[in-house]
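Paired with chain B in one complex and with chain C in the other, chain A is shared by the two complexes that follow.
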Partner chain A sequence: MSTQFAAKRLSKELSKISSSLPPGIELVSADNFEEWLLDIRVLDNNPLYQNQTYRLKFRFGSSYPIEPPEVVFVKLPDRPIPMHPHIYSNGIICLDLLGQQGWSPVQNVESVCMSLQSMLTGNSKNERPPGDEEFVRGNRLRPKDIEFYYHDNDV
Partner chain B sequence: MPPPNTPEGGVTAPTSPPASPTPSQPTSPLTRSEIAELSLPKSSILELDYQSIEYIGPVDETLLCPICRTPFHSPITTPCGHTFCAGCINRALELQSVCPIDRQPINKTRDYCRLPLIVKDQLDRLKVKCPNKGCDHECLREHLEGHYGRRCEFTPVRCPESSCTKYIARRDAKAENGCLHQEFTCRFCEKVLTWEECDDHYDYSCNGATARCEECGKQVMRHRLGKHLSQDCPEAEARCKWHAAGCKVADKRRVVQEHEHSGCTFEVISRLIDQRAEDREMINDLTGRLARLEAASSRRRRPRERREPHNESSLINGSPLNLLSTEATGASNLTRNDDMSPSSGFADDDGAWASPEDYMLAQFERIEGQLEGIRKKMMEMDAHQSLGLLQTTARVNEQLAELGSKVGVLNMHTTWLMNMQRQSHTQQRTASTSTGPPSAGISHAGDTSTTRAVSSETGVRYQAGSRRSSSDGRGEHPPRL
Partner chain C sequence: MDSDDDFISNMSSEEDMLPDDSDNDMSNYEDYGFDDEPDAYSDSQKETGHGKKVAYDFSFKVYQPSDIQKQQDDLINEVNMILDISKEEAAILLRYFRWNKERLIEDYMDRPGQVLDAAGLSQSAAGPPKIQVIPGFVCDICCEDEPGLESFALKCGHRYCVDCYRHYLSQKIREEGEAARIQCPSEGCTLIIDARSLDLLVPQDLTDRYHELLHRTYVEDKETLKWCPAPDCQNAVECAVKKKDLDRVVPTVSCLCGHRFCFGCILNDHQPAPCELVKKWLKKCADDSETANWISANTKECPKCNSTIEKNGGCNHMTCRKCKHEFCWMCMGLWSEHGTSWYNCNRYEEKSGMEARDAQARSRVSLERYLHYYNRYANHEQSARLDKDIFHKTEKKMVQLQKESGMSWIEVQYLNSASQALQTCRQTLMWTYAFAFYLARNNLTEIFEDNQKDLEMAVEALSEMFERPITELADPKLKVEIMDKTTYCNKRRVILLEDTAQNLAEGKWTFNVEFSGSAANGGPSTRR
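So, the complex of A and B:
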């Protein structure tokens, strides 16, 4: 199949996203078909995430959407990394949806954002994954090359 | 259209001839047969990319492939009931052998089911634009392959130069043009470009030698002035896009364009003509195929009849088999020779048919279906036309009604004036007989009984008029015109 597959699919997504997005999700930039930035907010009153906006960075390979995009939280002065037992303090997310096994080509940027939104909404633990400090210190790998052990399936 | 590098009228002698080999420059546009000659075997065409097709109008969400988000292309349905483009699901299954939607395991290709024909029909009927750059052809999706594969001048085909692996628009792919992928320097702006890009460059991006258009004052490339005048200039004389269908409108281009946009009556007719041409082509194609099949099947039947007696005899009496065998092999050798080629060709065409008769029947059915489609389209056109007629008559009717009401008002006014006159006459007569004041005249000081009678009469008249004018509340006084 053509190498343009990912770009074409992404342009379809982009035209939809730029006209409407669910509440709490905002497109920050999508200047090319390799990297997009989006902001998400948690909509309910979860005290862990109240009044905070988080920046997500999507990176798409040429086999998107057959292969998952790489999604991480980005730290900026006004954009912290959300506290969550599946989110490392360097922004790397441990979510089976984004792994080779859990990903499905029918997912898209919008659905990923919504999944992350609800993953935060449902959390009440103010903690990082076990071994966070070590992981962040030692990790030189790209998120997609990390073999996560998915702690449970309800995230 | 002329090949990309053809200079047009108004060219001043080029300052220097292009450095790279100049392809020959025929100036006459391609005729149909020339285009037909150019259509090379299928493999030499860049395959139609369904993902980049632009659809006209909204497409039902249910017809979109969940993977590529475009309307299905050769869709298949998984055993769990989900539908994808064949290409998309195959790619997805390379990674994981589960349905992308519900993660049911899928055994690649063996488990696929065909899609209900009604969905295929819906997909076929989607209106699309030709994806080739430069072509503005629009058609139903089922006809796009035909247009793209055989007729479109802009379809990328293999470069005629055998050593070049690039593709080039069909209209430019001519042996005498050679490879248009070689680079040369634009003689106007000194940019390096290929012959293929040349057209685009001259039309849109070159800022070299320009000239002012006499008609509209715009700066255009000097040697493109002719093209500008004949195709773009808003002030130049132009004819309606549908003049071939009979429209007589001709004026400055912007006026004509306005006419075209505001709806030319001949547009429908022109579409009808196009449709008919396409239908006729399809029918010709089918008739040709049918004839070929008929020939093939009749050739096939003949040898079979000849062979049957041999088979029977060898079955019935088993012993003379040896005796017959030499004769039989000889005969079958002969028959096989002239029988093998059509039958193998037939099997290649459509291996799935049990017998040529079945195949023929299916073909007949298809033609019948297509004719039915044509008939339906004609009826649709008809309905369209009568709707248009209805709309114009409605306007005329409205105007008639308005005129009617005006006549009613006039009527009333006359009645009122006549009554006035009658009244003044009576008053004059009574004045003369009773020797009252002689100057009662038209003044309203006359006796009340007469006035009442008059007003009631006008009231009645007015009502008769108001039935048409549909204005009301002014019955007491005659309206002003």
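So, the complex of A and C:
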């Protein structure tokens, strides 16, 4: 029942984003209702992200959109991991709207992409989160199982 | 560890803690019949003799589920009457104010609008929300728009179809264990879903779970209430001991189900050791700190490649297995530089060598000291388990005993009380060793160790009797002995706890670690 629920919603989202997406967001692949790939670019001239394209991987659980999707940046030869104090160098994103507490079922793939775009746009710090190296080395958890502590909301 | 080791580690721990006294530790063990100790010792006995109110006991109350429900209902009804708001709203407000009725009423009287907003109650006066069919409605969650779609919205007007609402609520309740603070599904809307709206939307089994979770928040929100941690026990315990008091008291409470636990940290009864030391001790036993200590006490590193080397015999001429570096174990210098002084390092007395040796000696002493206490702690823990096993077997034998000796059920109960006593006393003994590990030596520790020794001897004697074969247990003489010993054990335990608790309350103990009682900075987190 719930897988059907997710599939129904995702097919509606897919038909919408296949026809139109906001500037700077591109659908790369959506072959099933489990994993989608999208590319995003930062549109203004923030020097940190100029001329770069970033690859996002969405994974949907069976209770999407009640539960948030798992969203990470993926590293490829031409797709780096963006520099940001809330983005770990392995692509894991610390953003409250992707956690159970901050997620709202009204959100969707498009709105998540837009939030990430604006999160990058608004950033001026060329740095990784504190303890990045240690976290990246030691982390074996899926993003949804990590207890993030959202401490600053300014960046 | 045999008795020789005991003696050495006792001595070394003393050296460690109180260098001034180290010249005559022997006397500490042999002459305590001659100095002022006996007085102090009998004093502590006297105190417990007449003092009815024992220092390690606390007033606490156990509540069963129906009591907890009644307390909540009473509070809700009261607020409902005083503030003239619905019971659902009163419940949400009370939960928001963590059941602090006085503060709620005061704040609400001052600025009702702000209070309602903050608690997630909107102020519109329209009737209670209901399920509706609205023409042309599209659900923002599932994107469904078929005609006749049933939908629901809270007072905020964020409307979603009933199916999505159900999914949302069951996710929150079943998967996330939320109840009191489930918000409207809309992004950024902080309106809280009240019990009546929820009952309207979800099936019965989920409502039951919801109410159970709600009911739990009452206990979790109140600082003076805690759930009994025993499996399947639904009772809660009320105790007035606060977090900041935990450096002065060890608030052991016992639930109606028989489980005894510490109200401060929810762990099993750990008298006489205060929570903070218990936490430190458990961490120490679990982590690698003593492994590191062992390594530094027993090994050196190759000066070239830093491989860790344990010298288990042989001469001082070391050749590192890994990098083939040749060096002297004594001075750690190059072997080739030893010239003619083969196999007899003449740099031994050099300052750097002395320092290294001292550091190693200190590590050894500290390790031995830890092992001394840990072995005894672990031994009592294990013995308590074994005593329990034996009791389970004895339980069967009690039946047998009744048949063979013609004793009645009541008459064989002494075995039950003996087993109980053994386990409680061992639990206490176990923690006396963790406690002692953190104690700095002074006259009080001597008294403490005497009490500990007396209790330990009594317990071991009882334990030995308890293990006798069933044929011997039938002997009425042994029965009397066991009963006497049981009483004696319990009495020794009371004496020990009374003494430690009193000194703790008066802040008389000196610890060899930082002890503030500020367990607050690491208090039990309320994670699901």
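Assume the second predicted complex is superposed on the first by the 150 of 155 C-alpha atoms of A that agree within 3 Å, B and C clash if a C-alpha of one lies under 4 Å from a C-alpha of the other, contacts with A are read in each partner's own complex, and residues count from 1 in each chain.
The rule we apply is simple: a residue touches a chain if its C-beta (ideal position, glycine included) is under 8 Å from a C-beta of that chain, and two chains touch if they have at least 3 such contacts.
Remember, predicted model here, so these are calculated numbers, not experimental data.
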Touching partner for A:67 - first (chain B), second (chain C), both, neither: both
Contacts of A:20 with chain B and chain C, given as first, second, both or neither: neither
Chain B versus chain C as contact partner of A:9, first or second or both or neither: both
Which of chain B and chain C A:51 touches, first, second, both or neither: neither
Residues of chain A contacting chain B in one complex and chain C in the other: 2, 5, 8-9, 12-13, 65-67, 100, 104-106
In the complex with chain A, residue positions of chain B that touch it: 49, 51-52, 66-70, 87-88, 91-92, 94-96, 100-101, 103
Of all residues in chain A, those that touch chain C in their complex: 2, 5, 8-9, 12-13, 63, 65-67, 97, 100, 104-107
Partner chain B, residues of chain A touching it in the complex: 1-2, 4-5, 8-9, 12-13, 65-67, 100-101, 104-106, 108
Contacting residues of chain C [partner chain A, same complex]: 140-144, 160, 163-164, 167-168, 171, 175-176, 185-188
